[in-house]
Amino acid sequence: MKICKVLKPLVSTNRIPGFEHKHLQVVQDGSAQLVAVDAVGSIPGDWVICVGSSAAREAAGSKEYPSDLTIVGIIDDWDPDAER
Amino acid sequence: MKICKVLKPLVSTNRIPGFEHKHLQVVQDGSAQLVAVDAVGSIPGDWVICVGSSAAREAAGSKEYPSDLTIVGIIDDWDPDAER
Amino acid sequence: MKICKVLKPLVSTNRIPGFEHKHLQVVQDGSAQLVAVDAVGSIPGDWVICVGSSAAREAAGSKEYPSDLTIVGIIDDWDPDAER
Amino acid sequence: MKICKVLKPLVSTNRIPGFEHKHLQVVQDGSAQLVAVDAVGSIPGDWVICVGSSAAREAAGSKEYPSDLTIVGIIDDWDPDAER
Amino acid sequence: MKICKVLKPLVSTNRIPGFEHKHLQVVQDGSAQLVAVDAVGSIPGDWVICVGSSAAREAAGSKEYPSDLTIVGIIDDWDPDAER
């Protein structure tokens, strides 16, 4: 899983019905920005665990859910500098 | 999911039947160009959400659809510079 | 999907039976060289669409086919320089 | 599979129920830090084999387990310098 | 699929039962070193085709096999310099 920082919610009015009403968050993954489905209720600034691959789908709620990146946990205490 | 910019449609006359008649778009993903199946009717210039992995298949219409990147939403308002 | 250029066929006499007799092509993907199963009859020099992930398997012929990269279409007209 | 070094356990109190009580480890993968589900009881400093993709799920215990990176083995003897 | 060079066998005594007794090989993939399950009986120095994604699992023997990278063929004749 990746360690990402939540930046802000993403608004996409015209999207496939499969997304339902789940929240999408823009997350920072190193130097890249990705979009993740939020399964834990994170807020901007949180350091979170994001799961990808097919696991992102059930993590978002069902085998059919069209996610390839889902926020599955909020890290209690993360110091990015201490880790580098 | 990735945040990509739609560049232009891609024409491929000789392709496997599995693609049916769905539209293919060339999208910019950072410095790379990829091909995505368009499930939302995007147009060049749109900033879109692209889903990969096995989720790209059902997002494109069915478990059997041979896509590994599908445009699943158009972002309402995206300023790439503000994000960098 | 990736946009790759077909370089040449790859010969591998000692390979798993699962590959059957399908053709393997060496393709250029940016600065990397990959091996793709050819499902459309491409030739060296063609610009092609390559699909990865689990979609590469059915695209190559069946759910069980052991491919993670399959050539699924030949691009009618591609100018790599115009795209850069 | 990837060759990673175990750095430390990761604590995430607010996480999806699907993770159950399995241990999460922060692992070093080249210059990146990832989170892996520990299926073998590794400790910080161990060099381990991490499996990704859908294989990470059954490796962690079941088809439904939401992991995309699972520690599946401890390497008996690994000298990173000798390998470079 | 990737084109890799086999470096040496990898010994991991403490590993999940799912790996059974199949051989693991350390392979060079560009500048990275990965671990692959050997399905063709390769030896150090061989240039091989490695398949990833979910295809690596059946290629290693069964739908449940926990591999994300499996050696599926030995390349008859590969000149890395000629390719660059």
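Read from first to last, the chains carry the letters A, B, C, D and E; within each, the first residue is number 1.
To be clear about the criterion, a contact is a pair of C-beta atoms (placed from the backbone, for glycine too) under 8 Å apart; a residue touches a chain by one contact, two chains touch by 3 or more.
These figures come from a predicted structure and were not determined experimentally.
Separation of chain B from chain E in touch steps, taking the shortest path, is 2. Touch-path distance (fewest steps) from chain A to chain E is 2. Computed centre separation for the pair chain B/chain D is 31 angstrom, with centres defined by C-alpha atoms.
Centres computed as Cα averages put chain A at a distance of 19 Å from chain D. Residues of chain A in contact with at least two other chains: 52-54, 56.
Arrangement of the chains shown, judged by which pairs touch: one closed cycle in which each chain has exactly two touching partners.
Taken in ring order from chain A, whose neighbour in the chosen direction is chain B, the chains follow as A, B, C, E, D. Across the complex, chain D meets chain A through its residues 7, 10-16, 18-19, 24, 26, 32-36, 52-54, 56-57, 64-69. Note for the complex: chain D touches chain E at residues 1-3, 30, 39-41, 49, 51-56, 58-59, 70, 72-77, 83.
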